[in-house]
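Consider the two complexes below, in which chain A is the common component and chain B and chain C are the respective partners.
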Partner chain A sequence: RNLRRFLSDTMANTLRPYLNCIRHTLTAALCLRNFPSQVVERHNKPEVEMGGSKELLLNPITIARNESEKCMIEASVNSVRISVRIKQADEIEEILCHKFTRFLMQRAEQFIILRRKPVEGFDISFLITNTHTETMWKHKLVDFVITFMEEIDKEISQMKISVNARARIVAQEYMRQYVR
Partner chain B sequence: EKSYPGMADDDRSGPSDAEYMSAISTRGNEVNSLLGRQQYAQALTKAVEDPPLQTKTQSVKDAAAEVVDRVFSGVRDNDINGLVEAMDPATCDIVMKYVYRGLASGANSGSLLKWHAKLVEQAGMGCVIRAMTDRKSV
Partner chain C sequence: PGRIWVKTPQLIQFIRQEVRRRDPMSSEEDLKASVTARAAKVSSMLSGDKGAALRTALADPPVTSKSAETKALNAVAVGDVITACGDGEIEAIIEGLSDTERDVLMKYLYKILGDVGQCDKSGQLLKWHSKLLKKTGMGAVVRSMTDRKTV
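For the complex of A and B:
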């Protein structure tokens, strides 16, 4: 038990600074304003998705905790794209992560700021535009993204534990017929 | 008020790549000796002096970043606060650019995240925004 508490403390020690860094960078990146398209009349598109005009895009920032966990923040004048790569230690976690993010992304309408497809090389992406920052509090948007990143790790490890528990029970029941 | 060559928007002049590379290698040697003598403040100031902001060649930027990375890995976490408090705003901006560059790779993330937190505390959100918006990257 002491070993487990020690491990969770060291994990938490590297998680807090990582999330704080993302929080500060996001707060800086989410300074958005309305910007009608320069290319098509009467159109208003998120410039980070169009990627056309260099003067409207900021430098993309990647914050990596290690090789497998990172977060990329691409900002522009009217929109920000946040892509997260979730830690997947083994195959079961990979499958669970894939299924979980797919479940969330199919319901992207309900999440409002979720992107239907993750950016190449990442597991899940958010797209926040100036309309979102106009209708929602910026600090709450940042809180949401940070809480999301914290919770998704916990949810995936919980799902892995329940998968293993179920597998153990199923195997026991099946083997029971061979034991006198 | 300190300013770095190449930071101003209208500064188009600049040394050539060869001049940059030779300056970087001499600076690298000086930084190594300063780190050996544990003079971390001077090592950091030396490493970020004259950053290659005006070159487009990636290898020049990589060489300069490598020198700064050496300082980042050499400095102990406890000394970070003191070093950052002694920095003026222009140096904070340059160091923040190097911190973000280092964070992209994931190596040494523990101490880089400490640098980031202290720099934000010292120089504020402006430091972060300038690192994101400045066309001249390290």
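For the complex of A and C:
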């Protein structure tokens, strides 16, 4: 247990600068305004999803902490798409991550800014539009995304620990019948 | 009075020749040559003044180049200087840069941070990023996202 706490402390030390960088980049990217569609009249679409007019899109920025953890921020005039690739060390974490993100994405309406499908190559995506920044505080939106990224790592490692503990108990109980 | 009317195709040809004559660095080969020369110069300066090495690497980035290799070459040169610097030197070096150089540095930081192949440098780059941000403010970040002239 002490080793785990030590590891989590050292992990947090390298995590902090990564999250701070994402926080500042996100604060810069979340300058959104209403922009009706130039293609279809009376329509208002998030331009980052439409991807049609180049003049409305900003340069996408990817911040990669290592091969398995990165964050891509694609901004446009009225919307921002944030895609996160969560660290998955082994197969159990892969399955847990996939199930957990699927659970969240099926309830995307409750989260408001969550996207129902992750972008290619990432595990989960957010879509923030000008309507969201008009109704919600921008710094709180950024806080939410950063806290989400922090918490999801912790949740997945906790789930993995409980899966392993349950498996150990089950195996013990099963093997008890053979031990005399 | 005194106006000379030249036929339009000839005028265009004349302007093109003038541009080529006055701006010899606009071709791809020239850009690549200047980038390779700069990379060699920077690697030779790495043992000495790191601030000067960084200023050389950041001078005149190949923003007009359409070749990804040329841009990658320059990014490698900048990345080498960044990894060669110790933690204590970062602030001093950033102080010594001009505003345009700081903007270019921010663009390069994001470019190298985005390259998963170079993720072993990410710790250093993130340190540079936070210190540079403290100096430049949000403007540099916004400019690296909005500037069409990508580094």
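As a convention for this text, the second predicted complex is superposed on the first by the 174 of 180 C-alpha atoms of A that agree within 3 Å, B and C clash if a C-alpha of one lies under 4 Å from a C-alpha of the other, contacts with A are read in each partner's own complex, and residues count from 1 in each chain.
The definition used in the following text is that a contact is a pair of C-beta atoms (placed from the backbone, for glycine too) under 8 Å apart; a residue touches a chain by one contact, two chains touch by 3 or more.
If you're wondering where the values come from, they're calculated on a predicted model, not measured in any experiment.
In the overlay built on the shared chain, the residue A:S162 is in contact with neither chain B nor chain C. When the two complexes are overlaid on their common chain A, residue A:A75 makes contact with chain B and with chain C alike.
Residues 14, 17-18, 20-21, 24-25, 27-29, 31, 58-59, 61-67, 70, 75 of chain A contact both chain B in one complex and chain C in the other. Looking at the complex, you find that chain B touches chain A at residues 100, 103-106, 109-110, 113-114, 116-117, 120, 125, 128-129, 131-134, 137.
Residues 14, 17-18, 20-21, 24-25, 27-29, 31, 58-59, 61-67, 70, 75 of chain A are the ones touching chain C in the complex. Chain A meets chain B in the complex at residues 14, 17-18, 20-21, 24-25, 27-29, 31, 58-59, 61-67, 70, 75. Every residue of chain C that touches chain A in the complex is listed here, in rising order: 110, 113-116, 119-120, 122-123, 126-127, 129-130, 133, 138, 141-142, 144-147, 150.
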